[in-house]
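Below, chain A partners chain B and then partners chain C, in two separate complexes.
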Partner chain A sequence: MTDRPRRRWHIAVFLAPAVLVYTAIMIIPLFDTLRLALFNKGDDGAVFVGLRNFATLFGDPNWSRQFWNALINNCWFFVIHMLVQNPIGIALAAILSNPRLRFAGLYRTAIFVPTILSFVIVGFAWKLILSPIWGIAPNMLDAVGLKSLFSPWLGKESSALTTLALISVWQFVGIPMMLIYAALLSIPDEVLEAAECDGITGWAAFWKIKLPLILPSIGIISILTFVANFNAFDLIYAAQGTLAGPDFSSDILGTFLYRTFFGFQLQLGDPYMGSAIASAMFGVILIGVCLYLFGIQTRIRRYQF
Partner chain B sequence: MSTARSHPLNTAAAHAALIIYTLIALFPVFVIVVNSFKARKAIFREPLALPDAESFSLIGYQTVMKQGDFFGYFQNSMIVTVVALFFILLFGAMAAFALAEYRFKGNTLMGLYLALGIMIPIRIGTVAILQMMVATGLVNTLWALILVYTAQGLPLAVFILSEFMRQVSDDLKNAGRIDGLSEYAIFFRLVLPLVRPAMATVAVFNMIPIWNDLWFPLILAPAEEVKTLTLGSQVFIGQFVTDWNAVLSALSLAILPVMVLYVIFSRQLIRGITSGAVK
Partner chain C sequence: MNYRTFTATLLASTLLAGSAMAQDVTLTIESWRNDDLSIWQDQIIPAFEASHPGIKLNFAPSAPAEYNAVLNSKLDAGSAGDLITCRPFDASLALYDGGKLADLTDLPGMANFSDVAKSGWSTDDGSATFCVPMASVIHGFIYNKDAFAELGLQEPKTVDEFFAVLDKIKEDGTYIPMAMGTNDQWEAATMGYQNIGPNYWKGEDGRTALIKGEQKLTDADWVAPFEQLARWKGYLGEGFEAQTYPDSQNLFTLGRAAIYPAGSWEISGFNGLADFEMGAFPPPVPNEGDECYISDHVDIAIGMNKATEHPEETRTFLDWVASPEFAKLYANALPGFFPLSNEAVELDDPLAQEFVSWRDECKSTIRSTYQILSRGTPNLENETWNASAQVIKGEESPQDAAARLQQGLESWYTPGQ
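After this line comes the complex of A and B, so read on.
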């Protein structure tokens, strides 16, 4: 403790670069965006307008229709991920975690491939495959006698969003699979052996022993999915363009923000309304994260081995 | 005994399920790459056939090479990814070391402050980031992207690396101090080499999202000479949307570098995820 009175400069030196970059590029712009949401174009530069941008966003029929449309679409996008991506991921992980399974490494590597591809590749690849012009999808359905089921899913208002959500599920199923797989591997053998002695094996062991033990991981995956979904943009932009067509039926908050902030076709971009939408997205994500941290995470029972 | 008898059947079902899903996962990549080597007629007549002597054609690749500067895009992506990773690892490890090693006022608070960014996406601040880049003249430079990705990657890097640095033995560091090493030497010569596996994990986690990002290149660096591969192929495909040979070849060229990286790093990536680095 002899160095007590000396200033420990090295701590500051170690912390400074990270804190500076992080504060300057992430935290300050974040708050600056929230601040910009309270301004609008005036005669000379920006003028403070209080909450009027939000009043426009929620009150003006033109804006509020688009906003609620994007928000509801975004919620549906998230629901599909939760209902399809996570169960498939858990099922694949459960199969893979069997220690006697051969080629497990090979399957794992192959199933993770879509996750590493960019949205541009994924969006265009599926657009081509589902395209009625090329005919891969209708021909494959024809081969199993289901041709009548085919329709240009991406081009129809009723199915475009669901199709895009499923494409996104296809792309990201590897992440829940890996995280659940890791959680399943960390369950000690003694626990499973003890269950086996009590006659609990196979499916029963999965539902009664393993699933409760991996619940915390499922919680983390859910919140990761939530945050990723509510700032998604790339896939819809790559597959459907700025207008998130047909007729805005696949519009989500990310594409709505981009359109408003950057403009499209003849409409000019509006940084102030863009900031208002970004602030609304921030609010949605904050509510979700808080619900998880205080409502779910504290209630999930964790087991220490 | 009953479990032993049902075992082969169970195994077969498991393999069947995994094979079906593997096919679903790889099928689109397969279709794109295979058809990029075929002449236009063959693409439409037999989309699922492998290219043979008659249908083989490189016309799509020729168009891509002539019309798009894919080597330039690739170079830009490479520079942005490598430099951003370097800063994330260096700055992240330094901050993680400060948080893990020293007890000072505000340590926990600083840790929480840096962890905020794990949950809040940096995209929310895009409007102000663009204004700042315009004001500083960094718009349409690779530095704009490098800075943004560094800021985006730091929170998780600090979080993961500080977990690992807490496990480095105190005896080793104290021995170094007795030998008269400065705190900087302890960090660079003793601690950094020991956390290399964790650094590799952080690098792999950050590499893919940076390489694949479309949002920030689109907004901060859309000019031709600083386009990344992701944005470059997006724009190229948008322009050549009716030239199927060119589109398929451009997609294949965009897939290639990621696949190469994945083959090199997949073991590291999977070990990173399964070792519980993200908890």
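After this line comes the complex of A and C, so read on.
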């Protein structure tokens, strides 16, 4: 047989624009950052130093203390999202998909709106709401006789990070809600009707039928939350500034990277150590995503209708 | 023949016109002071162009937070302006060392400035100066005169009197004694520690001794300001932990707070907002009759891009900036930014005049952390922000804070190198 498979040029042609753009603005900068992390300032320009930047980052107490503090804070930020944002998102979606609920469209829109707001607006609006001087939070608590519960949450080490995480939850709860809502709507009525015939209704139907069917969506949401949280920066920057106060209690990897890379006040920017931190962040996210992909994703059972 | 003459005339006129055009040099000024755009365009530039025909100026500011990054990339790309507004100390020193800023030591106008004024823009040994100092900011306390009159209070001179005044305001309860928060951290260090500190560490004596390694941040003179800051806590407003810098400004200008630990840059803003009369007093001294010291911090200067195509004209402008004429113009256009030249300048704004009058009574110094000491990691200035805020909140003792700062400094700084 002389029939060779024809070269299918059109595949390359159609892929080219996306591949080129993605390579130029994502892949090249990413690898250049990883490369830059292996250099440091020498007498004349950049000098290759191998892994010495990472040795400084993890070995020098001045750097490692900040790095671990940021990483632990980041984990707490993620935990709050997983424990609060996603269950609330699922609950809201379950309520919204109830056919007897009136004004479902209105609620859906209202809950989703904060997601499209800018971080800066959200940061400043909440800073004002919670302000002990002009904020409405103290007055509202006063109106129901709970003034004693109020404290300057954003200014206290013990509560600043949790408060910020909850603000972020408020902003983004619409995303898991929408994804789960879509997943719930895609469950065919026949399945639910069949369950009903077997006597499974109400909450039991949710736990036994719907939840297993939306598990893959929950998995996707978890990994999206993970990546977004470990790349987070904007909200903390808008609300607490570059120093992520008080006493670095709301410092996460993003703000630590920004402070190091671009410098701050008298601290001059250090692109080399900044790249090292960026690479460490990349590593953390890569490990997290791999754990998910190989540990969980492959075990989730999927159902075809 | 006629035709030829005509052509020659045309050519000659083109050449003449060309050279006339070339004489009209436009110099571009890089700056982070976008707030000052109208002052430059309406007052400073017309004044200069009137006395120096042939040189035009173009003031091209960028956003303050982005200035350093924007300027650096413009300088690297060769597209930066002829004149560069200089941040004090290391940011500009790095530009000079990198060959971006020209040496201006031999500029005739430099004779108008003292060594302290030039310290922000000189090499560590003081041998070369690369920017012409424009202005400094002075620290002190601005107070609500109406509130003081209402409560029968006098400007405090000593620390004890200061706290007696604060106690009285607190007792009365109408006003928050002092408007300052710790949310943004820098006020605690800049308006707190660096404001009251020079009285304890004796201004330049202490500051230079610290750089030489003869004193430590754990010495009594350097811990004392923290001890005073720790006492401030009870006089700040409720929820000061989450109070931001604009919050504090508003609390004071709305008349809800009596005293505002300030930098003189607040003056023009406060003049527009407050509808009560304001007064100011310098940081109180520890004991009656002590010599007083004020933080008269060098803040802004202007230098020459080494790659400029018009070095002569640029130097002409810089020499004019060094003159008393510019000092008077600038100081009155921007009350609260005080000229650094040795020539005495009369200011129209009474509050600004009050601030600048302290230069005669007290000795001037600059902020202790700015020269040399904030070059390494951990950065002493940033650490001082954090430590001051922690001390005010009562979450770290003055001794612990000082010990932490000294330990951080020692980890990278060896005096005399």
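By our rule, the second predicted complex is superposed on the first by the 289 of 305 C-alpha atoms of A that agree within 3 Å, B and C clash if a C-alpha of one lies under 4 Å from a C-alpha of the other, contacts with A are read in each partner's own complex, and residues count from 1 in each chain.
Assume contacts are C-beta pairs under 8 Å (C-beta built on N, C-alpha and C of every residue); 3 or more make two chains touch, one makes a residue touch a chain.
These numbers come from a predicted model, not from an experiment.
Asker: Answer with first, second, both or neither: which of chain B and chain C does A:155 touch in the superposed model?
Answerer: second
Asker: Under the stated touch criterion, which partner chain does A:134 make contact with: chain B (first), chain C (second), both, or neither?
Answerer: Touch partners of A:134: chain B and chain C.
Asker: Please work out whether A:266 is in contact with chain B alone, chain C alone, both, or neither, and reply first, second, both or neither.
Answerer: A:266 contacts chain C only, not chain B.
Asker: Where does A:201 make contact in the superposed view: on chain B (first), on chain C (second), on both, or on neither?
Answerer: Only chain B; A:201 stays clear of chain C.
Asker: When the two structures are laid over each other on chain A, which of chain B and chain C touches more residues of chain A?
Answerer: B
Asker: Do any residues of chain A touch both chain B and chain C, and if so, which are they?
Answerer: Shared contact residues on chain A (touching chain B in one complex, chain C in the other): 134, 262.
Asker: Hey, which residues of chain A end up touching chain C in the complex?
Answerer: 62-63, 127, 130-134, 138, 151-157, 240-241, 243, 245-248, 262-269
Asker: In the complex formed with chain B, which residues of chain A make contact?
Answerer: 8, 10-11, 13-15, 17-19, 21-22, 24-30, 32-33, 36, 88, 91-92, 95-96, 98, 100-101, 103, 107-122, 124-126, 128-129, 134-136, 139, 170, 173, 178-179, 181-182, 185-186, 201-202, 220, 223, 227, 231, 233-234, 237-238, 254, 257-258, 261-262, 271, 274-275, 278-279, 281-282, 285-286, 289
Asker: Contact residues on chain B for chain A in the complex?
Answerer: 3, 10-11, 14-15, 17-18, 21-22, 24-26, 28-29, 31-32, 43-44, 47-48, 87, 90-92, 94-95, 97-99, 102, 104, 110, 114, 116-117, 119-132, 147-148, 150-152, 154-155, 158, 182-184, 187, 208, 211-215, 219, 230, 233-234, 237, 244, 247-248, 251, 254-255, 258-259, 261-262, 266, 269-270, 273-276, 278-279
Asker: With touch defined as at the start, can you tell me which chain C residues reach chain A in the complex?
Answerer: Those in contact with chain A are residues 68-69, 89-91, 94, 181-186, 237-244, 247, 250-251, 369-370, 374, 377-379, 381-382, 385-386, 389-390, 393, 395, 408, 411.
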